[in-house]
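Letters A, B, C and D name the chains as they come in the text, with residue numbers starting at 1 for each one.
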Amino acid sequence: MSNWLLTLPILIPLVTAATSLVFWRSVRTQRAAAVIGAIALLLAALALAARVDAEGIQVMQAGAWEAPFGISLVADLFSAIMVTIAAAMGLAIVYYSLWSMDRERESFCYYPLLQVLLMGVCGAFLTGDLFNLYVWFEVMLMASFVLLSLGGERPQLEGAIKYVTLNLVSSAVFLSAVGILYGIVGSLNMADLAVKLHGETEPVMATTLAMMFLVAFGIKAAIFPLFFWLPASYHTPPIAVTAIFAGLLTKVGVYALMRVFTLLFTQDVGFTHTVILVLSGFTMVTGVLGAAAQNEFRRILTFHIVSQIGYLIMGLALFTPLALAGSVYYMVHVIIAKTNLFLISGVVHASEGTYELGKLGGLYKRRPYLSLAFMISALALAGIPPLSGFFAKYSLVAAGLDRGSYGIVAAALGVSVLTLFSMTKIWAAAFWAPGPAEPAALGPGGERRIRAMMVPVAALAGASVAMGVGAEYFIGLSLRASAQLLDPNQYIGAVLGRNAL
Amino acid sequence: MELVLAVIVGGLYAAGIYLMMRRNIVKLIIGLVLLSHGANLLIFASGGLTRAQSPLIAKDGHVLAPGSADPLPQALILTAIVISFAVTAFMLVLVHRTHQEAATDDLDALTTTDR
Amino acid sequence: MLIAVLSGFALALIAPSLHRLTHKRTGFLVGLLPLGLCVYFVRLASGLDADVAPVRETLAWVPSLGLSLSFTADGLSLLFAALISGIGFLVAIYSGGYLDNHPQLGRWYAYLLMFMASMLGVVLSSNLLAIFVFWELTSISSYLLIGFFHEEEDSRKAALQALLVTGLGGVAMLAGFVLLGRVGGSFEVHELAAGAGLIRGDPLYLPMLLLILAGAFTKSAQFPFHVWLPSAMAAPTPASAYLHSSTMVKAGIFLLARLFPVLGGTPAWTAVVMPVGAITMVFGAYVAMRQNILKKLLAYSTVSALGAMTMLLGMGTDGAVKAAVAFLFAHALYKAALFLAAGIIDHETGERDVRRLGGLARALPITAAGAAAAGLSMAGIPLLFGFVAKEIFYEAALHGPDGWAAALTTAAVVSSMFFVAAAACVAYRPFFGAATETPKRPHEAPASMWLGPALLGAGSLAFGVFPGWIGEGLLNHSASAALGKSVDLHLRLWHGFTPVLGLSAVTLLGGVAAYAVRPRFTAALATVHRGCDAIGPQRWYDGALNGMLVVAKLQTKVLQNGYLRHYLAVILITLVGLSGSVLLTHVKEIRKHVIDSLVIAWETVEFYELGLAVILIIAIAAAVHSRTRLAAIAALGVVGYGVALVFVLFGAPDLAMTQIVIETLTVILFVLVFYHLPPFAIYANRISRARDLLLATSVGVVMGVLTLVATATQAYPTISSYYGEMSYDLAHGRNVVNVILVDFRALDTMGEITVLTVAGVGAFALLKLRLGARSRGDEEGSS
Amino acid sequence: MSSLILRTATRYIQPILVLFSVFLLLAGHNEPGGGFAGGLVAAAAYTLYAIAYGVEEARRLLYVSPQGLAGAGLLAAAGSGIPSLLYGKPFMTGLWHEGDVPGFGEIAVGTPLLFDVGVYLAVIGVTLSIVLNLAEEE
């Protein structure tokens, strides 16, 4: 019974989406289903996380076929945390969309697509099977393709072409790597693979495959030099879509990297993780410089996504308990902060009718609460204490210094100042600078709509503060998650049974 | 045959990628299709080739006869084929719509969102 | 103490709402908190005893990372805390008058209180990480305060500059703190001090010292990081008085003093800190001389004073540390008073230029008195505390490190002369002499505003006459805490006829002379100064910022250039580079695999298989090479059906069937879409084609080799046999592939049909929903 | 395109193809075939009809909207995994009922078959959604 919890994060969005599709003519039904589904998903995720934290790694063998023959769903602490944060973002975005999405997109299955996206994301976090991971990636990607292009405006389509193509290349590389891996090891279950890859297999092939997975997941995670699809496309769809993409999609890539590079490919850490370390440094720097060159609210944020990915994989590359805990904490932090910044940009757009910094201004005077929310999220992103970002940055920096990786620490710290720079750039231009003489006319819904959109914004800003003030709890959680990641035997034992070790 | 298949796989990848790097948006899709053929055949080849039996259990038997082809890669490829069909179909529509909106089939003319 | 710190934050939160309720009285209400805190700290200070360990309070915050809110009430922290809360009280009241009727006054109080609380946090904390947390908060509140007049571009720029410079120093300091904490095994300062010997001997000592100093120097505006401080004068004057003269900029000084027992006194420390301080002191004083804008003049003289304190701490002798503490106290008193007075002048006359001010003493008698006392103190005239402080400053310089005493003393005397001149400019020139026309007719400022300068001026006088009041108590404990041992600080108004007194006399005469020649002097050297400005640190900052932006633009233009094929190329090069390089390092084993399978291949391959392969290859080539859309589709179809044949040949009927149906559907779709597309055009040239072919081929080769290796290596038996055994008995199906799809791996299939469904929805939505057409229509309609 | 021969042929071939697709679906558990192949064949049948008689006619012949069909397929597939909850078994555990049906011999009916039906419906719905909508383009 109990392990049905593992199924729910996949099943709830699926049923919600399928039901909405059957009633595809009724937007009202879809809205209601979306809200109910999102709440149910969040509750299920919280229950799952609580159970994992209390009882250890949870496993369900789908169809009751024993591992490694069937597909295992596995939730360790890291997975559970990721599912929970994904569900939370899902709820925030659904609520935000109710107020910000245009009627046309709503009537063309926007909500079911969002649910499918969440399903793919949760599936990817929970599966213990490499091919199944591919499938969830595809679910997520397909939903994102459609969400990205939904509406069919020219910039959307242009961005989508690049987004789709490059992500398909990633999928092809991923699929090929899985095929080769199956050819050599004869299994797909990750726990089983972990045992076998650390057994008799030639390390050459393991390392070669590791590099293929690095590229495949690296494209999805948007690391340097594979990130091009992201700045080309993320700013083109409606802001709610951008926000959920920014929050979740690349993070699934990072999750996959963290999973395979802690569980499967630890044969030659000296090589593989050094490669990751170097890439993480370049990712941070190129991303933040890209942001510095932009003058549009969303584009600045978009490049920052790339930059932040560098921090996430920096923890993986350093490969110490503190570093991985830093990555886990950073993940949650950055999902909250980044999603919220996009949501704020959406409120700004709803209020002012533009994203161009040059045309914005005066928001500090006119919208004090929005200013406060922006300040909190922006400073959190830049790693200013006592907000969430500081503890994230600190853990990684401390881990880097412990290991003597001074170069990456210098990059990480320098980039955090540049992040602050571009956040203040937005602040100065959109909030502080004097605004246009006449404020833009509000769109449909007016002030009431903006107030409703502020609800998730305020909640997420509050979360950034809470993660900082209550950092002890979250750091502790991250440390426990990192301990599990660094001890693959726990995972293997839970999936295959103790005697497999 | 493995070698022959490996050459075909390599050829499919090379051709697919070469086509994707053309500026013509149509060639991009053709390249994608070739690429997915390549990936499917790669799984097929590396799963181990057997000329013998298809993985069907005989009417009078309870288990698969030894020497039958490996059913798992087949199932995987089936999934992959269907997924790549879905993607190809969507991509075709996307290209169609892009051509309608942008009135060009030159990828180099589709660079406005990056700048 | 925890409550003392946190109460400020709490009040900051409600300050805007409070302001809405209380309007004009907010300043006094808000001021009650710092006043109460000041009393509390003074009472704590009066209870200090050299023989008893200082009071500590600890609240674990993030123990997993070593961060706890531990507060120590020793002489050093209480001296700062009392100054912060005391001056905070005056500034809170003052700003009520200064920013009267400003629409964002509520937020002003919030920032001010947040700053005060953060600053108290910095000085009371004894945990390095906690210090850092509060330290960054001071930077942020300073940013908000400097940019308070946010509609002025100068304010925004100045705020950003302060934030970036101190932010950069801050992160360096964080790295230094982490190193220090790891080497010393704790983040608690008193525990680190206990293990100071080990820390100083550690190979990481120098890097951590430099990193931490970077933090202290940027915050305390040491040359060449001082640039942000004069710019920060764009802030409303109360902020300048509070943050940028008497408190925040002293955070760096505080840090030097706080960590002196841990890191200080080594040759490296002296070699870095002392010269930096000395250079800043002389430089700041000299530049101050040239300024005519009141606040700028005060700002540079602050830079100079901070340099003096840094220099003293750098010398590290007992006398120097004592002098630093006394100097700090004197400076806080007089500089805050002068800033507040400058603010009153500005507020009442609308004029900031010294040259156009004069004779204000009649209109502003109380302000003038306060300013005069403060100015005399700054000039080091006897009976004021500035004199006492300067005496022991000279004393310390005379007893400076070997070989340096003469240079340091000269530097000290020279900059003190400039101080005299500067004090005359600020406290004498505007108030006395001939009255001038000003944009506004001056009246005495409201009591809320003159209270500050008056009280502070009185303080300078009172402590000057009775230096023992504070010298025996708080300053003494403070110096002891900084030195990590009990010392005696003998502050006296009259030391007798000593060399120091002589120096004081020389200083005074020199200063008066400097004041007299100042206008002619600056006029004469104007070109030189302009030249210096053109290559000075402000240009370095601008250059760095612009350079960064240029690099950023260039990098983005090169990387994110919009060309899909470039993106593909970079990604594929990465793929081939990473995986190919691993393969290449083991080329021998790989070659063995390839040759083995080559041998087997020729033995096993059937002729019809070869035929199929040839057809496939030709079809692939045709797909690449075809000049027309129809030919390309046909070739693609042949490839698809050929692949299906491969499936047929190798025992995969299900696959073959699916492949054939799908291929057919795909071809139909292609035809439907291509019907609308234009004929192929050749865009690429020969070179780019050759280049792409090379890259594509290398990817093909890598994939081919990997396929071969995968077929040749089988480290473990596959898991498939299980399906053969279970399929009929447990899953009731004879078609094992189908059973896998709908039962063993049904989850895959579920995902897969979801993908399909979404693709269907997507195609439908893309074809039917055309917002692009609508928005184009709108534009055409409107234009 | 819509020649008389094609129309006439389609009138006879279309129902046969649909029947064949159902056969593929049902036989799929034991012989080559299954929900995918079946669904694709059925979709091909309707596609053929659309080519011969036009999209409108094909839509009419289908009765329901392709999107709805796809959604229903998804629901059926997901629903097939849920009954195992009642038996306290993991998601997607196959439940079977075996019995003798006169004339057919021993037949096993189970939730995986329902799953396959879901696949069948989804494949038809999606394929037609794409093909029909694309065919309507001008």
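The rule is simple: a residue touches a chain if its C-beta (ideal position, glycine included) is under 8 Å from a C-beta of that chain, and two chains touch if they have at least 3 such contacts.
Please read all numbers here as calculations on a predicted model, not as lab measurements.
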{"item": "Selected interface, C-D versus A-B, where C-beta contact pairs are more numerous", "value": "C-D"}
{"item": "Intercentroid distance (Cα basis), chain B paired with chain A, Å", "value": "28"}
{"item": "Whole-Å gap between the CA centroids of chain C and chain D", "value": "61"}
{"item": "Chain B-chain C separation of Cα centroids, rounded to whole Å", "value": "49"}
{"item": "Whole-Å gap separating chain B and chain D, where each centre is the average of the chain's CA atoms", "value": "24"}
{"item": "Per-residue overlap in chain D, given as positions that touch at least 2 other chains", "value": "30-32, 36, 67, 70-71, 74, 78, 81, 92, 94, 123, 126, 130, 134, 137"}
{"item": "Junction residues of chain B, two or more chains touched", "value": "20, 28, 38, 42, 45-48, 54, 56, 72, 76, 78-79, 82-83, 86-87, 89-90, 92-97, 101, 107, 110-114"}
{"item": "Chain A: positions in contact with at least two other chains", "value": "14, 17, 21, 62-63, 109, 112, 131, 135, 138, 142, 145-146, 149, 152-154, 157, 161-162, 165, 169, 176, 179-180, 182-184, 188, 231-232"}
{"item": "Graph class of chain-chain contacts, one of line, ring, star, complete, other", "value": "complete"}
{"item": "Partner chain A, residues of chain C touching it in the complex", "value": "16, 60-65, 67, 103-104, 107, 129, 132-133, 136-137, 140, 143, 147, 150-151, 153, 156, 159-160, 163-164, 167-168, 171-172, 174-175, 178-179, 182, 548-549, 551-553, 555-556, 559-560, 562, 564, 566-568, 570-572, 574-575, 578-579, 582-583, 585-586, 589-590, 703, 706-707, 709-711, 713-720, 722-723, 726, 743-748, 750-752, 754-755, 757-759, 761-762, 764-766, 768-772, 775"}
{"item": "Contacting residues of chain A [partner chain B, same complex]", "value": "131, 135, 138, 142, 145-146, 149, 152-155, 157-162, 164-165, 168-169, 172, 175-176, 178-180, 182-184, 188, 231-233, 235-236"}
{"item": "Interfacial residue positions of chain C with respect to chain B in the complex", "value": "560-565, 568-569, 572, 597-598, 600-601, 604-606, 609-610, 613, 616-617, 620-621, 623-624, 629, 632, 636, 639-640, 643, 646-647, 649-655, 658-659, 662, 665-666, 669-670, 673-674, 676-678, 680-681, 683-684, 692-693, 695-697, 699-701, 703-708, 710-712, 714, 718-721, 723-725, 727-729, 734-737, 740-741, 744-745, 748-749, 752-753, 755-756, 758-760, 762-763, 766-767, 772"}
{"item": "List of chain D residues in touch with chain C within their complex", "value": "28-37, 40-41, 43-44, 47, 66-67, 70-71, 73-74, 77-78, 81, 92, 94, 96, 98, 108, 110, 112-113, 115-116, 118-119, 122-123, 125-127, 129-131, 133-137"}
{"item": "In the complex, chain B residues that touch chain D", "value": "54, 56, 78, 82, 86, 89-90, 92-93, 96"}
